[in-house]
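Have a look at these structures, which come just after this line.
Shared chain: chain A. Partners: chain B in the first complex, chain C in the second.
For the complex of A and B:
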């Protein structure tokens, strides 16, 4: 019977094209507006590391000013999101984590010898070797650098597939040389394109920016005087520290730090290590706040870093409220349409249709309107997301796009909305007395 | 086939209670062709609606084919209506945007027949009413008489044992009315019990039995009741 009801619904929609179009439009506008906002929220809430959520932890140490908030608000207990260089170096000495990554954002002018390519700024991540294994980044060619390159200078670079195509036409470029700020770097690996949205491994430096195209060893800082190209926050006036070495030894926080811990025991040992380290630093006059550190899973890290802000959530609820208004309009239109068909419902009742059958038939007509509204809503959402991209001038390009799940959700939302809209009109027509219409037709 | 005993039906508004049927008792036997006449507002249509399970009586007992249907729920009433009762209306009541085939298909769909069975039955009844060639025409493309024949075909498709006709010739000219009446007589000869409400005394006389309804009661019973009251007084 469901197939029969669908065919009746389509026939009914074709029979009243203008009214049907109005109802589809009402649902589509509501779904389009809602899905535009919900898609943005959904994309902002994605966790590309969800498959390792139980074993990855972002590390925080509370080395901040005891008398001021990290973010300039009244919250004096909030820890900085990044570490100082010296703390990162100290943590790297621990052999407890299965893998650990200290890293930050950098950039360099990239050239290739004997190439007609014009120099360009290459977004670069300065990191320890575990980066690729810890974040499950696959290699297309070659591999990562040796462990000693994390502490000793080795001018080696790993590039992305996209960069490899740009610089070397997609050929295996392992062994080739590129110049970064005039320094020669040997390509030792090519990774698959890896571009998580949001950039959960580094939310401080444009959570929705593209991931870097070049990856170089952490041991190069002193040799090349690599400063941070990302967020660098400082709270202490340190007159005695000068030059690049002074920067490395300062209380400025600019290093993101991640560890991979597989067991509770391993985690406990690392926590003990951090506790000992902080106590040791306290004894030297650092870490003036109460002893505190953070080991935060990726999913929680997105929350801590407020990737999806409260105003985004409010906007999400407002968009659903708008959808509700559209549903109310659809209720009125459906009621008008269904009651106009009451005589037909009367005939069907006389011929053996139960109230439930009439109710189901009309509810399915609502569902058809919902499916059509959902499909049109997807188009409107895409238009809305294009508008967001255009207004954001490139900053929202990676989040203002619908995936299949959101497209299916749009249709699902439209069907739920149309079911809600159709409940009362379908109930009303199923309760009308058939005898009235049979005599008066 | 049909047995009503002291059936009552009243409609209540805020200020008035109208008694459409009062202690209405009637028995129609299997295979009978009964005509029902009476002045407008006498309760003929209310009787037909209750007989056809479209309305529930306020009181009394109604046995259809030996089964007490007075207190059945909507689902069971609908099933019985679909399986045992066929309706023919004065206004034909064909669904305007369905062609003849699909109109006749409606009760068969609710019966749950498969596509093959439905097609067989539809083609059979269309042939019986002489409209096989018009199966894919819309009702509006037919004359009134043809539309009523389609309505009869739709009523017959489910092979009901009981046919209720509410002024089936009321909207037809005399020639068409005669054709429809002959068709009903033919159907009755096959064994289908027919109750037909009509204003036309000539048509009423062609039935096996005529019943008059006046003021919500069968006329002769009402007379007996009045006489009884007079004796008591």
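For the complex of A and C:
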């Protein structure tokens, strides 16, 4: 029976090509527009650390100015996103967390001796050795540096698979040497490409930027006088601090900090550790604000960092409203189309078709329109996404793409929309009484 | 005259179809009203004057590959070469690229050793050529001179003696308007004299609440990398761009050179706003088109349904104008009520967006303009079917009775 209804539906669509095309176009445009925006929002809401969401925490300490807010507004309770170098060093001494990472973004010119390659800027992450284990980054060759390198200078570097292909043609490059800003570094590991979107582990400079290609130990700051290539914020005028060491001991915040805590008991112990650390620092005249720290899970970290911006949410709502207009439009057009065919339905009723049969038949016709509209909608939203990609000038390159789930959702959305649209018109035509149409035959 | 009674009773018989059109128009008005206010807001933001000759400027970032490179003499050689190039008006070093979204800022105070009531300004370390290179307008005081210039190591504390600030920042620090010659402080007791005021410079961050508060220092910080800004003669930017790339590489090949035009950087800074404008404009356009199609389709359908009645009316003496007018008035009634509901919906929607998503409020004037435009669209959409209806001949209608 369903097959028969489908063939009836296709015949009916062919019978009124213009009206049918209008309806398909209405659904397609509505689905295309809303799927474009919903795909962007969906991709922006991804959490690459969801599998470790329960055990990873971003650490914040409220070391900021007691007299001014962190963002220059009136909110005096907002904590800085990052930590000072000295606090990061102090936290690293705790052995409570299973793993912990202090890190920041950096960059250096990269050259390889006896190579034709032009020098280029290597986007680098300066980090402690647990980085790869904490974020579940797999090694292809070699491994991470020794614990010692987190506090003492060791010119070692871990590179990504892509960088390894670029520099060494994909060979196992462990033991090779590269120069960063002219200093020789020994390659000790090659990791799988790891590029989470959004860049959940460091949301400070562009949530959709690429992850770094080079990873170097945290013990190198003093030797190479490394300043962050991310955000450095300071509030205190510290005239007595001199040189690079003065910068390291200052109240400037520029280090991101993550810990891995597996049990509540472990978390409790770490919280106690932070509390006593802050109290100890308060006694020395630091941490002038009320005692406060933050341990935030990745999923929540993405929310508090406003990765999905207000503008994106507005677009989300507007696109759904747009789809609603398209559905109402389709209801009106379907009503017109079905009522025009009322005599046909009258004859079918007179020949014994039940009201249910007429209803189902017309509903199937609207689903056909929905499927066609959904397929066209996928094309439209792909077009929309490529337009977004070019308008965004880089920042949406990795989010403006549909996966299978979103394509299925597009068709699903179209079918639901057309079912909703078809409900009333199909009901209306199933209620028409056959007699009036038979009379005029 | 307008046959309101018969129109209303006919509408009552077709209430669902009429309601559908009214609902579409209401939703459309709510969306279009809120979208256009956001579009307007973003366009205003993009149209703000930058104070900078954006179209003619090239930004270069250079990173020496060798450790311990003397970056000051490298910059001196590069800048001499750049200034001598044909098509180049002037060039200057700068620690950051204006309008690029990346920069630094400092707190300033009116008294030495103050700790509260700071004012924030975006800060640039540059040289005397920056006025001409950026095309800034000095409205008061003097430019930096070579004698003001200082070089400093990022590990040493730099104590600026003089500064040039934007008018906006001068007015924030000294609201009485006599900022020239006054001293400002960076938290310690080092006085910084304001020796000049430039009309405008939007600064590094276009979305910053305090964009336009900028201070310039005559200095050269010796970081491991540096930046130049190069102003070209109008229209010669792209041609000079290629030449610069080659010449810089010739002068010192062992470094990374990254070049961009300032307009490219500015467009990137406004990419989100621009995206919002384009997406919402597309939504407004498509939506208007869709409801126009919907109205055309439904009016045709109605007229078809009522061919007979129209014929009878024509036979009984109604003129073509009467028939067309009937459908236009009918459309006006439906559209009018839809738009009235839509205005309420637009305000409710806007209230929600202002409260939750920090969007601009929808003023009555904008809403009325949107409503009027929508009414026109719906009338134009109804016009074609209404004129066609007038062509129905009395004979066709009476034939089958």
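FYI, the second predicted complex is superposed on the first by the 436 of 441 C-alpha atoms of A that agree within 3 Å, B and C clash if a C-alpha of one lies under 4 Å from a C-alpha of the other, contacts with A are read in each partner's own complex, and residues count from 1 in each chain.
The definition used in the following text is that contacts are C-beta pairs under 8 Å (C-beta built on N, C-alpha and C of every residue); 3 or more make two chains touch, one makes a residue touch a chain.
Computed from a prediction, not measured in an experiment: that's the story for all the values here.
Would you sort A:189 into first (chain B), second (chain C), both or neither based on which partner it touches?
After superposing on A, A:189 lies clear of both chain B and chain C.
Should A:230 be classified as contacting the first partner (chain B), the second (chain C), both, or neither?
In the superposition, A:230 touches no partner, neither chain B nor chain C.
In the overlay, answer first, second, both or neither for which of chain B and chain C A:80 touches.
Neither partner.
Considering only the touch criterion stated at the top, classify A:435 as touching first (chain B), second (chain C), both, or neither.
first
Answer with first, second, both or neither: which of chain B and chain C does A:370 touch in the superposed model?
Neither: A:370 stays clear of chain B and chain C.
According to the stated criteria, A:219 is in contact with first (chain B), second (chain C), both, or neither; which is it?
A:219: touches no partner chain.
Which partner, chain B or chain C, touches the larger number of chain A residues?
Result: the larger residue contact count on chain A belongs to C.
First (chain B), second (chain C), both or neither: which does A:242 touch?
The answer is second: A:242 touches chain C but not chain B.
Mind working out whether A:4 is in touch with chain B, chain C, both or neither, as first, second, both or neither?
So A:4 only meets chain B here.
Using the touch rule from the top, collect the residues of chain A that touch chain C in their complex.
On the chain A side, the touching residues are 19, 22, 25-26, 29-30, 33, 36-37, 67-68, 72, 108-109, 111, 118-121, 179, 181-183, 225, 227, 235-237, 239, 242-244, 246-247, 309-311, 313-315, 317-319, 321-322, 324-326, 328-329, 331-333, 335-336, 339-340, 387-388, 391-396, 424, 428.
Residues of chain B touching chain A in their complex?
Going by the criterion above, the answer is residues 45, 49, 52, 54-55, 74-75, 78-79, 81-83, 87, 89, 91, 93-95, 97-98, 106-107, 109-111, 154, 158, 166.
Flag every residue of chain C that touches chain A in the complex, lowest number first.
Residues in contact with chain A: 16-17, 20-21, 23-24, 27-28, 30-31, 34-35, 38, 63-68, 107, 115-116, 118, 120, 154-157, 186-188, 209-210, 223-224, 254-256, 258, 267-268, 271-272, 274-276, 278-280, 282-283, 286-287, 290-291, 293-294, 297-298, 301, 304-305, 349, 353, 356-359.
Any idea which chain A residues touch chain B in the complex?
Going through chain A, the ones touching chain B are 1, 4, 11, 15, 343-344, 346-357, 433-435, 438-439, 441.
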